[in-house]
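Multiple structures follow.
One chain, chain A, links the two complexes that follow: it is found with chain B in the first and with chain C in the second.
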Partner chain A sequence: MLVQDPYSVLKLAALIIGGVLTVVGALCDLIGAIGLLRFPNYFVRLHAATVATIGGAVYPLFGVAIMSLACDFLGVARWFISAISFLTAIIITLTAPTGSHAVARAAHKAGVPVHPKACDLLEEDRKRGVVK
Partner chain B sequence: MRGTELIVVMCTVILIVAVTTAVIMGITAYTPGPEVRPLAKFYLENCLNLWNRAYWAASPEAVCSMLWDYRGIDTLYETTVFFLAIIGGVTVFRLIEVTPPLESLSEKIRRVLGLSVIVRTISKIVASIILIVAVAIAAHGHLTPGGGFQAGAAISVAPLMIIIALSRYFLEERKLTKERMLALRTVGLLTIWCTVIIPLIFALVGQVVYAMQNQAKPWTTFPGFPTGQLSTWIAGSLFIYNMAEFVAVGAGFTLLFLLLSLPEEVFREFMRRLTRK
Partner chain C sequence: MGSTTLSKLGKIIVLTAFFFLIYVIASASITLLDVVVGLAASSVVAVLVAEILVKSPPSKLIDLRRWGWYILYALHYFTVIEWRAHIDVIRRILHPKMPINPGIVRVPYHVVTDYATVLIANSITNTPGTVVVEVDESRKYYYVHWIDVISTKEEICYEKISKTFEKYAKRIFD
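Right after this comes the complex of A and B.
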């Protein structure tokens, strides 16, 4: 079988890379869930949620995009699956951080307390009048 | 207080038990079985029957051919009702003959209206993607699930997002005003009605036609709308209906969002002037 298919090494590599990306995504989801429960204030919890969104959705989607290329039993559908996963991953990469950014900015502007605070550069900038 | 809560809980429990019993006993309605019913079988067999074209709609999408061909008059009046509903919404805002004071704002303020620069940039990118997807949904309405109304609802998300992220003035500077939206949706509805009436023009010449007829029938002399069978499949009038509905619904929702996002200060100023008069 290895002799018949000239792309068998590439396919094996694609399956392994895709599998690793999917596992990394699952780990990101786990980390994000733990962080969401354990982090002390709103902004770091939002950070954990973003880790879960980006890591837990984008990495597995890239993994699926790579893996489905190697799955011959899917027939023509594998090109569609791959392209759609890839596009969805890119759109999530664009929109999810933007959403988190907008929510965090609004929360900071509305005065949500940053309680255990290491540093708050945005607040310092506001005090100095650099940022409105 | 305790007694009231008890009564509410009791009533809820009785209601749930009664509804569940009614549904289980089949009292509420006819429960469809797993087999395909004769009516559904008719649509499935006939919507793209290349061998027997007596009842065909020239569209592989059974839902679209039902909506715009088999029971098209229903959808036609639904669209008109939707148009009138938006007109009702516009009527609430009929006092607003003034445009928001765009000129009174300086160029510098106008540029920083809306959210931060990250959100504004990404919103522009995503809005353009939404436009492409919506046009694709409308243009493939006779081939894949979707169609005019869904595409119109999808495209109206773009102006809503732009209003939130980039402020209303971004749309107004690009001439997407409420007057133009009103005109655009009227054009959409008129296109639908004209397409309905086109077969009737053949009746004036003495042909045998139905109103809103799409394809030729053996017992009518109307030649039917082009199917595009040899080049690009456009399914007769279904394509026209989908695109016109897309324009009408998209412009209608955009119009509502534009009206709802009028600054309150403009409203108050207008009412103040009205009462002073």
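Right after this comes the complex of A and C.
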């Protein structure tokens, strides 16, 4: 392909990077789902869920934000799409762990089994009475 | 004008600017109507939430060096740390033998402000492989569920899990 001007090189790069991020995000979602099925207990499954939220939602949104900037046929709408995708990605990054903290803490307090485990220092400290 | 009034006013002004920035980014256009409506809405919201949202002095919010560290942290976090953790957990998921060794370990932290504590906890949870289950604020410990417990020693856990985050969090918020 013959490259006419530096602007089109930038656009091509944005399309490729955005596309790669989006495809990787789809793969992360699939692998996160497989992990949810394979992992043995609740707490380990949370790790697979993290793969699906950050890898499968935040990175594709960044990809869409980059990609839409290069799509001229969208007209003015491409700025809206890019800005909203970027903001949504940041908001997910801030709020997803908060939910994870809440459910993990609630599950441990409610006595959801941590087995198989190498150690559970939180349970030991709860029994000793240093953590409420 | 007392210093408390001044700091309250500073909080409101900084928050208004911040909300207005988000408004402009989200609406992706600057016309006269956008500016007027955006300023009005963001100043009303800022007055309502200033005392709840901002606990530290507002001068920290306009410190450019802190923002620089924050942007550097975001770049480092999203390009290197996240990918490394993702690849590690993806390998564990797809490996036929599923090599996991999970457990809950204690990780100490040394930051002072609530913001830095939350930043470190969020960063730990957002990297696959580690989830914060409980925070003990009086003894300054996170209880972290770790997918591959190498050691239960506090120094090694700190080194492996939260050292990088804490280095940045101290520079951004403390």
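Keep in mind that, in the parts below, the second predicted complex is superposed on the first by the 117 of 132 C-alpha atoms of A that agree within 3 Å, B and C clash if a C-alpha of one lies under 4 Å from a C-alpha of the other, contacts with A are read in each partner's own complex, and residues count from 1 in each chain.
Just so it is clear, contacts are C-beta pairs under 8 Å (C-beta built on N, C-alpha and C of every residue); 3 or more make two chains touch, one makes a residue touch a chain.
Note that the coordinates shown come from a computational prediction; the quantities given were computed from them, not determined experimentally.
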### Message
Just checking: does A:Arg105 make contact with chain B only, chain C only, both, or neither of them? Give me first, second, both or neither.
### Response
both
In this superposition, the partner of chain A with more touched residues, chain B or chain C, is C
Contacts for A:Leu94 in the overlay, against chain B (first) and chain C (second): which applies, first, second, both or neither? both
Chain B and chain C footprints on chain A meet at residues 94, 98, 101, 105
Contacts from chain A onto chain B in the complex sit at residues 91, 94-95, 98, 101-102, 105
Chain C residues touching chain A in their complex are 22, 25-29, 78, 82, 86, 89-90, 93-94, 98, 100-106, 121-122, 125-134, 136, 139, 143, 145, 147, 149, 152
Residue set of chain B touching chain A in the complex reads 115-116, 118-119, 122-123, 125-126, 129
Within their complex, chain A touches chain C through residues 28, 31-32, 34-35, 38-41, 43-44, 46-48, 50-51, 54-55, 62, 76, 79-80, 82-84, 86-87, 93-94, 96-98, 100-101, 104-105, 108, 114, 116-123, 125, 130-131
